[in-house]
Structures are given as structure tokens and as C-alpha cells.
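Before any comments, here is the structure.
Order of writing sets the chain letters: A, B and C. Residues in each chain are counted from 1.
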Amino acid sequence: MSRTELLSPEGLRIDGRRPAELRKITSTTCVLSQADGSAYLEHGNTKVLAAVYGPREARHRALVLHDRAILNVELNVAPFSTGERRRRSKNDKRLLEMASFVKQTFEPVVIATLYPRSQIDIYLQVIQHDGGTLQACINATTMALIDAGIAMTDYVCACTAGWVEREAAIDLNYIEESSDTSEVTIAMLPKSSKITLTQMESRLHVDKLEEVFRLAGEGCKQMYEVMDKTIRDRAEDLARKMAV
Amino acid sequence: MATPAFTFTPSTFQKLHPAEFFRRFTTEGVRPDGRLLDSFRPTTVHHGVISTANGSAMVRIGGTTVVCGVKAEVAEPRLDAPDQGYLVPNVELSPMCSSKFRPGPPSEQAQAVSEAINRVLKESKVLDLKDLCIEEGKAVWVLYVDAVCVAYDGNIYDAALAAIMAALNNGTIKVSGGTAANDENSFKLKLARTPLSATFAIFDTTLTILADPNVTEETISDGQISITLDETGLLCGVTKIGAASCSQRVLKDCVQSAKKRTLQLRGIMNQL
Amino acid sequence: MSRLDRTRTSAHQLRPFFSSQNLLNRADGSAQFDFGESSVMCSVVGPSEVKLRDEKLDKATIEVVVRPLVGLPGIKDKAREQAIRETLEPLVLSGLHPRTGIQIVVQTMKDDGCILATAFNATILALLDAGIPLKSILGAVTCIVDNNSNEILLDPTTEELANAKSTHTFVFDNKSSITSKEEQQESVDVATLYSDSTGLFSEEEYFECAQICYKAVQAVHGFIRTAVQKKLEKEYQQIHS
């Protein structure tokens, strides 16, 4: 396979974005009537739906913690979401790993001690995949948790960045992601700028790491703006309806 | 001395005696959500929502939402039918869509709905499987039709069937690596007919028939009738399950109501 | 007119029935039912202890397991389990055995079409054998509309099924047949317990199939009655000899 040019001579990326530009983000909360909290998020063509059930009675007695709630994250990828149809079993290692990343990201942020002896279920459904699934999952989960009214110390905003050919770029799409680009996903608490997750699996020169990190951090801040606006709009809308 | 009346708020009453709560509504000819007994919930259909799929649709019937994607893949044909491709429908009811579904292998309901839809597609010859042949005995197209329920509020059969038919209707298969969707290297799926369905819940004690039951109505109902019709008014499937006996007159009424409903649903699907 | 299986002469003729009860000595009730070369065995265990999770406070939990002829159970069998369970639930007087479980296992022995109908008949015989209290008995029959002749053929074989335009399975209980003695009347308003139809068919065809199956089911009801009677007579003789 011939290598595709990921960066044009003018410095534009394959989908026409500048290196530090996020894809179009669309987000809504409270999309599912059955769930306690839910959110739908689009990062360009990556579409993720998150549902939160709980805090509710834990399914297995053995797992109950007497002083706090347990988080349970399940990730499901729709068979038609990727370019190639793959029947992913519930025990796909890759999915389990991703689910555990989400879980570990939120464990320090959710104030679980407020809900002892209970369980919070987070179900994620990837409807369409175009790179950056983990960041989309984390961002959708944040909004769904807020929608469910679960206490958290801060938002968690995630963003990926990578080294595309000769420049650092954020929010990589599927083509950029799959052509051997090094990619870092970070999740950040925007108020304190603390990082709660960093994930990188590919090779990246240590000199470039700082630049990539800085860009990802900026991406997280931008994500925060978008998510915060959605949440506030929703809250205002609700407040208006209640006042009437 | 009058004894203090033991009263509940309506919501407590609903939780304690869901069936009785419901009966009080139906005897007045209405349902708790404000619908009449024979009215269906508002329905919307969106075509082509998933760009990674060959065909896709999202159908929303009240609070039930189903996203369906069709993926085409090349495979070897079966030995007993070397010139036919195959169609693999699957309905997924994940724990996300309702708290009544548990994580783990597909629930019995999910499997039963998948099987019912599989039979309708196969028995009423929706698609000529010979159209999916690439080269006899060597390669055929397999159409994986996956319907994922993202929000469950009853009547999954109608929603899943409508989503699957809408997705198949806008399904386009790219024969080779062309980029544009409309070039000559792609072909649209030719459907012989578009079966759509209407489902009714039966209440045994009061002999009430409710159109398009939601999840609470489904759990307290005694049985269900599903009627599937194509555009010419030919029946593609009738299923009556559960509850005690139901007379032919009731079934006839349901068929009439289903005719009206599927006509309306067809109108919604053909918009845009 | 002769049918494809060459043993029958009429379109509305059923294949010969065969049944046998109390075959398995470890189960509380068991039965086998055959429609010609289609055969299904069914066992019933219960009312017995039930898993805490499935326990119902006011009635017995009915569990149905359908085993295919070969291989592992697939989605087809799951759909049949649901059909059988939901049809039996209103029939079994499960309120008499609260907080217990009734387990029904249905095993296909020979498949020559109409397995679901055969399974229904085997199940009801097994329930009778186990002495589970029932509101009424049921009888099931399948028919097809033939693709070439457009004729309604009762109790089709696999060969005939392959040539079907539509397939209809009906289950009727014996309550309506006892009360309404108006069989000479052409269209009795028959009460359907379970109905499952696929293929392409008109409304008239569907209701005509229902009428024909309803008449055919009377023979099944009669057979079940005789089978139970014979079995009880035999048991009575054994006790008193």
C-alpha cells in the first residue's frame, strides 16, 4: 500500500484541518428516556452514545463496597461502525482494555463515597468509528455522569494528539491514526489542569513528546468549553421549564 | 367515628398495583401516556445516518430508538446454494437501552426478535438472493444487517423491522474500490417488497387490545399480536403469542388497524 | 389427489399420530408425540425448587428448554422456547404452586416438518403425565399454502414445506370446542391460543387456514383424550391386579 500524504505542502491535514484544529463536535445530553443520564457526542465522524444507570443496587453482592460506590463500565462497538465488519465479542481484549481505561479515569473523579454500597453502570456504545474512540468515550461519559447528577470533583476532558509526519496535530481521524502515527490520548481535569489518564502505544521521540502533550492539553481545554456550553445550555433549558 | 382513609398518591398506586392502575385508564378508553387505545406513538425515520455502513437508518417509535446498519462483505457461497448470497439480520438489545437487560450473551427476547425478522425477510422473499451472487460457486455478497437498540421503550419488533427495511432500502454496495458513492461500480439493493409491521398488546382480563405497547404496557400485558404487511396489503407474517384465546374477530380488527398503520409508516419512511 | 409423501390421499389429511407417555423414569412426566415421521420427546420436572432469581411469589415459574435434532441450540430454538412458554403460561394453573419451578425440556427426535406443532402436542401430553394442573389442553397443527396449486395442505412434510408459499402454525385449546357444537356452520369464530404465520398470504387465506386447522385440531384433542384415558386404564389395572 502506498503511503498517503497526511500533510499537504501547505500544512493542511487530510481532511482539510489545520494541525491544532479539532473536528466538529456535536454534543447533546439527556438523549435516552430509560437511562438516569445519557449523552451523545460526535467528534467529526466518530459517534458515541453513553448511558449511565445508577447509583443503584449492585448486581453482585460480593462486589459491594461498604464505603463507596463501584463503577462498572461496558463498551460496545456496533458491528457496522468500522470500515470492516467485525463481530466483536463481549470479551474482546481491546474493548475490555478501553473500558478499564474509562473506569480508571473516572474512579478518582467521581465522589463515590457519597453513594456507599451501590453501583454506577456506564454503558458506552460506539455507533460510528473514525479515530479517537477513547477520547470520545471519556468525553461522552463525563457528560452522561453530569446528566445523571452524579457528584464529581471536575469535568474530565480527553483529547488525542500525535505526530503527523512533521508536525504535532490533535484529534486524529481514522486515516491518520492507522498510518503508523504515534498517538497520545490524555484526559485532564480542566480546572486544575491535572491529568488523570495518559495513554500511548506507539513510538514517539522524547523531544517531540512535550509539544504533543502541550497540544493535547490545549485540545482538552477546547473540549471543556464545548462540553460546558452543552451542559449549561441544557441546565438553563431545564431551569426555564421548571420556572414556568 | 370515621376510620382514616388509607390513601396513596397516584404514583404509589401505580407501583403497588400496576395492572389495576392501568385498567382504570383503559376502561375510560385512554392510556396513562395520553394515547387512545388504538393510537401508535409518533414515529420518525432518518436515512443514511452511518457513513461507515453500506446502508443505514435510525427509527424512533416513541421512546424506542433503533439504529440499523447494513454491511456487505464477500464470502464463499453455501454448497447447497452456489448462486445465492445471504442475509444475516441481528437485533441487539444491550444493557444500555434499558435497565431490564443484563450484560452477557443476547437475551431470549433479542434472539426471538432476530429470528422473527430473519424469517420474515427470508420467507417473504424481500431480496432476491441471486442478485448478491458475484461468481457462482466462488464468491457472493453477505449482507450483515445489524440493528442496535439504543433506547428501549417497548415494541422492538416494529422498530427493528422498520429500521432494517429503511437501511436495506438505501443500501448501496460498492463493487470495487471506487470513491464516489454513485459511480457505476456500485449498485443499489433491489427489494421485491418492504414488509412493515404493527404490534398490539392483549389484556386477557379486560379483553382490551392496545396498539404499539410501551415497556410498562408490555410487562403487564398477557400477550402480543404482530402483523406484518407489504405495500400491496399482502400479509408477510402474523404472530399471536401468549394470553388466553383470542377470537378471529379480534385478529381481523388487528389486521385492519395494521393496514392503516403500515400505510402511515410507509409514508413516513418515503419522506425525503 | 395424492400428497408428496404418497401415504395420504387428501390435502386436509393429517399424518398418523403416535404417542407414548411416561417414558423417562427420572422425570416427573414425559411424553413422545409423532406426526408421521416427525417426532418430539418432552420431559417435565416439577413443581420443584427454583433458583432464587427466578422465583415468583404468586405462581410457579415455567422454564422451557428446546433442544434441536443435532448440534447446539440456536436462535431458532430460543424463539420456540419463548413461543411454548408464553402459550403454556396462561394454561397452567401456576397459582397453585407458588415459588416453585416447572422445567420443560423439548427434544426433537426425528424431523420431517411441523416440529413446533409436534412439540406443542408432546408438551401438553408430558404436562398431563406429570399431573400438573391445567386450565385446558391444547392441540397444534401446521398447514401450508402450496406454491403451485394454491391449495391448503395440512401437516406438511419437509418436502412439501420446501414448496410452500406460506406456512401457518395454529394452537387451539379445547374449551371453545366443547362449548360450541355448531360445527356444521361454516365459519365458527374460533379462538386462537397461538398463531404463527410466515411467507406471503392474503387475509382471506390466513383465516381460511385458521378454520381448516381448527377442524383438524379437534382430531388432535380427541387423540390426546384417548391417549390419557388408555394410560390411566392401564395404570388402574396394574394397581388392582
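FYI, a residue touches a chain if its C-beta (ideal position, glycine included) is under 8 Å from a C-beta of that chain, and two chains touch if they have at least 3 such contacts.
These numbers were taken from a predicted model, which means no experiment stands behind them.
K.L.:
Taking each chain's centre as the mean of its C-alpha atoms, which one lies nearest the mean of all protein C-alpha atoms here?
P.N.:
Chain B is the most central one.
K.L.:
Name the chain whose C-alpha centroid is most distant from the C-alpha centroid of subunit A.
P.N.:
C
K.L.:
For subunit A and subunit B, what's the span in angstrom between their mean Cα positions?
P.N.:
The mean C-alpha positions of subunit A and subunit B differ by 31 Å.
K.L.:
Per the centroid of Cα atoms for each chain, what is the distance between subunit B and subunit C, given in Å?
P.N.:
Those two chain centres are 27 Å apart.
K.L.:
Measuring from the mean C-alpha position of subunit A to the mean C-alpha position of subunit C, what distance in angstrom results?
P.N.:
Subunit A and subunit C have C-alpha centres separated by 53 Å.
K.L.:
Within their complex, state which residues of subunit B touch subunit A.
P.N.:
50-53, 56, 63, 65, 67, 69-71, 73, 90, 92, 94-99, 102-105, 144, 146, 148, 150-153, 215
K.L.:
Could you list, by residue number, the parts of subunit B that touch subunit C in their complex?
P.N.:
108-109, 111-112, 114-116, 118-120, 123-125, 204, 222-223, 230, 234-249, 251-252, 255
K.L.:
Flag every residue of subunit C that touches subunit B in the complex, lowest number first.
P.N.:
Where subunit C meets subunit B, its residues are 75-76, 78-79, 81-83, 86-87, 89-91, 135, 166-167, 172-173, 175-176, 189-203, 205-207, 210.
K.L.:
In the complex, go through subunit A and note every residue touching subunit B.
P.N.:
On the subunit A side, the touching residues are 31-35, 45, 47, 49, 51, 53, 56, 59, 74, 76, 78-85, 90, 121, 123-125, 127-130.
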